[in-house]
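Note that the chains are named A, B, C and D in the order they appear, and that numbering of residues resets to 1 at the start of each chain.
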Amino acid sequence: MSQPQFKGVIPPVVIPLDENRQIDLVAFGRTINRMIDAGVDGLFFLGSSGEVAFLTDAQRYHVLQEAVAMVDGRVPVLAGIIDMETLRVIDQAKRAEAFGVDGLVATAPFYALGGPRENERHFRVIRENTDLPLFAYDLPVCVHTKLDPSMLVKLGTEGVLQGVKDSSGDDVSFRWLCLQNEDAGHPLQLFTGHEVVVDGAYMSGADGSVPGLANLDPHSYVEQWRAYQAGDWERVRQIQDHLARLMFIVRNVAATVGFGAGVGAFKTALWQLGVFNTNQMREPVDALEGDDVASIVKILKDCGLMEPDAPLRS
Amino acid sequence: MSQPQFKGVIPPVVIPLDENRQIDLVAFGRTINRMIDAGVDGLFFLGSSGEVAFLTDAQRYHVLQEAVAMVDGRVPVLAGIIDMETLRVIDQAKRAEAFGVDGLVATAPFYALGGPRENERHFRVIRENTDLPLFAYDLPVCVHTKLDPSMLVKLGTEGVLQGVKDSSGDDVSFRWLCLQNEDAGHPLQLFTGHEVVVDGAYMSGADGSVPGLANLDPHSYVEQWRAYQAGDWERVRQIQDHLARLMFIVRNVAATVGFGAGVGAFKTALWQLGVFNTNQMREPVDALEGDDVASIVKILKDCGLMEPDAPLRS
Amino acid sequence: MSQPQFKGVIPPVVIPLDENRQIDLVAFGRTINRMIDAGVDGLFFLGSSGEVAFLTDAQRYHVLQEAVAMVDGRVPVLAGIIDMETLRVIDQAKRAEAFGVDGLVATAPFYALGGPRENERHFRVIRENTDLPLFAYDLPVCVHTKLDPSMLVKLGTEGVLQGVKDSSGDDVSFRWLCLQNEDAGHPLQLFTGHEVVVDGAYMSGADGSVPGLANLDPHSYVEQWRAYQAGDWERVRQIQDHLARLMFIVRNVAATVGFGAGVGAFKTALWQLGVFNTNQMREPVDALEGDDVASIVKILKDCGLMEPDAPLRS
Amino acid sequence: MSQPQFKGVIPPVVIPLDENRQIDLVAFGRTINRMIDAGVDGLFFLGSSGEVAFLTDAQRYHVLQEAVAMVDGRVPVLAGIIDMETLRVIDQAKRAEAFGVDGLVATAPFYALGGPRENERHFRVIRENTDLPLFAYDLPVCVHTKLDPSMLVKLGTEGVLQGVKDSSGDDVSFRWLCLQNEDAGHPLQLFTGHEVVVDGAYMSGADGSVPGLANLDPHSYVEQWRAYQAGDWERVRQIQDHLARLMFIVRNVAATVGFGAGVGAFKTALWQLGVFNTNQMREPVDALEGDDVASIVKILKDCGLMEPDAPLRS
């Protein structure tokens, strides 16, 4: 692969843990291979659902080392370099780069907010400190800043950014980003992170998706991407309806809210599907239990991912 | 029309004012007829872009009286009954009903917020006080409450609600609303208010749209709806790209923010298009001027709504 | 009273309802007289805790008519003229004025937000339409705009505003407002609406307070004001600690959140104290029941407002 | 010092940089000594205004090493251990501990939000991994979670927390925290981070303050603390008015918003006062220039911190 291609389905990889809440390398290989075999176009490690916020630096780079080895060049590897402000992000970038990843993904600064001036400067300074393709991760729910489409396209045109992962929840802004990017000659590769409405993002002209839910059902996202490439919109839509129903697993969690409910439901589903060996979470989050597990299994069965009479794993 | 049909394109009507900032009835008739002639499926008066918040009750009912007379049964008429809490909304409902409208549109309570319990009770109490079809208007940007899809479908199933106008900006939630509504036998008619991404809402299964931008370009929204009905998704998407570009008029307003920029740009465009006679706004909002007007005209020309050499009206 | 004085303790009056959820005029007179007898310096009707959002216009003006008659000139009467945008507020102002109130209280525009330009213009236009003293009500929790201290002082200096009721929760901004007002020659009378930290507001130089909790314990707020006037800060602080503990009644409500919990707790306490005959609320809010009532009574006893062995009213 | 005392004025130390945007150790010693000589009761390094978010780990621990050496036991040293989630915070705690600091300061988790369950667990797990006194830093503007007073007092009673630095901007909640802490036997030392309203926090019963502005004017904060200890409330208040006016330096910055305006103004003032040699900021933030510098100098002169005819440094 002389020049990595960034398009299509690039799932953010959810990390399996063992009973001691350490990375379970057997399950990690299993979930990676399962997604590559299903035909995904890349894998994204150390994203939000890859529990990047919950890992020490040592744990982060353990994940990355194993990931690059396991993927072994079969698909491009993206790495999140998530940290508070510019100098810390560059620190992460340099280390990630050393592990042989194919591209980097950085959010806007967080914790100490600035304005548009600092956000733009942030990406420029990262760019000056790495040669890898750099993606902006638009994630206001975590970083409390929405990236401006005009700024993103400018940074694309100037070679600062390779693309954008949009998890902003703002589909109006994403449409404008796609149009402005088109007008500028398509410098940016644009991905949506909203697994429930990927069809809408494809209507807007997205170059692909980064769906956490693809950890559970990679085949459907790959098939949807191919249907989109073939112009079969009815199929795109039909698959999306299936995937939107599958996402119901995150909606009814009773034990907690936020990350513990969202990624907690993903891990619980992967465990019940036999891909993971546990649904353990990192501190300070507890694994889901009891009715929350049962409710997730019911949805997996309703959506055809588990046999109707499959027993509950415990 | 024995039973009004609610589907397709139902623009929220923007109100033209004369130089004294009073309703301009000639222009009002002109814009209504222009939209009906273009084939819209209904008209919505006293919505947010119909400046409902800016009108005294006397002005509100003047608008409604003239609107019902001008529409004259050609399409169904929806009326916003926007007020702070339940008893005030019922007061508005009763008066609107007397003017012969075909359906009512109410938001969640605002100003004094409660919780889900009060939101659900609110719609039930309105229902007990009117016989007209009742639509929930999901508009967190104005009322600071997001309506829950499960609650909406329950209220639909029980006959409390006829449908929903979704201007929540939450396309994930809208997808779930559509799926849950389908599972319940489609009790609700579901409309999107996001003019920039109507194609995504149609992918999700929307029954129509309530696009403010249709005041400017009703033909495109009608054509898009018909393409959707015919399954011509490429045409749906193509038209959406045109409309998303047209919406650039609201993005670069320099003079102010919020309503004065958004509806201010709509009025300015309608004035330059010759549909309105001025771009006047109600107190405390000023009409756009100078560069803001020029920038809007440029976009109208770029999008083909004005001839390239058409002069600026002033 | 040739020229009403606005200073000291001006409680926002909570409205008692009977079993049919209509105003209970006997209890209304009782609570008004109880506060005046305790020495309050004014009364504020149709504020947020005066359920202004929940009343139809007819109900609002019924409240005002009875209030002015019952107060009968003993203290100045302020009236909330709370509505969405400028023209609707002016409508309310003209009607309130006709009932003989001594001052008006208006928030920033809400529902359709603008920017600083519209907020300033809003108060100017109201001023042009009434001769009564006009207070700005800074209440971002309801109207989602924070008023700027510099703008407020400018409007005070120019005679647009008589004063400010600050319920913004922003004590830093309030300090700056007090200092800037002082530098400008004290054109504004500045009141805090935060009953739990009135001592801090007095430290900042407030001219008085508008504490909802004074409906329950007017004597303490009056005594605190007089201690402040006498420079007895230890007494100011000691009384504040008592009042802050009394406010615990609103913190543990389990049945709901927001207005129903806050004003619901006030009404429940007033009912248990024998000032109100019920704790009924307006639609769509339910009255508190069961454990919520018991928990409020426990706090009233802990704070010495009820005898330890007083029975629960039901 | 067998057991460090945490009370009184503990400024969060602002870091001076040289022209190359590296730490200026001469100025660092000067500002530390200036504050200790003024009588402060402790120093807090690596807080938000200590640019913790902007430093790589290597830079953080360089700051800490120099700080501990320079302070040399004259006052207790607190260190911020600010990172996204629990395991990363523990990583920081262990390293900070090795440098000989006297106490640690941790926020709630950020980036990936959870609920109350995770917030409480977070502090417990940190506690299990360090023996140093642990302070909770309540800072919703950066971490988007408000810590609950009841939880904090519970954690104090159980020995998990030593105290709280409250920069929540919620003075009502702070009053309740003080009262609940008192009822529990005062297990927590409670500090306010709001330099503009320290007098209100002292009224509420705070054990001290952590005022960024004390970098500029440590004498006034120390004198205010001593006046509070002596019960001289009029002097407390008078000094607070002076300090609130001094804080005007952050209000009128035109070049940017947020951290670059706030800490940017502090650094600019310290530079003009001759304590710092530059007003340089870390990437991606620019130093203030031109009119912003002039406006800060004017306020320093108005407040008596600079001679009226002192020249502008450049």
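One rule holds in what follows: contacts are C-beta pairs under 8 Å (C-beta built on N, C-alpha and C of every residue); 3 or more make two chains touch, one makes a residue touch a chain.
These figures come from a predicted structure and were not determined experimentally.
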item	value
Shared chain contacts [chain B and chain C, defined touch]	none
Chain whose average C-alpha position is farthest from chain B's own	D
Where chain C and chain D are represented by their mean Cα positions, the distance between them in whole Å	35
Mean-CA-position distance for chain D and chain B (Å)	49
Two or more partner chains touched - positions in chain D	none
Touch-based graph of the chains, sorted into line, ring, star, complete or other	ring
Chain A residues within the chain D interface of the complex	48, 51, 53-57, 59, 82, 84-88, 90-91, 109-115, 117-119, 121-122, 124-125, 142-144, 255-260, 282-286
Interfacial residue positions of chain D with respect to chain C in the complex	169-172, 175-176, 179, 194, 196-197, 199-201, 203-205, 231, 233-234, 236-237, 240-241, 244-245, 248, 251
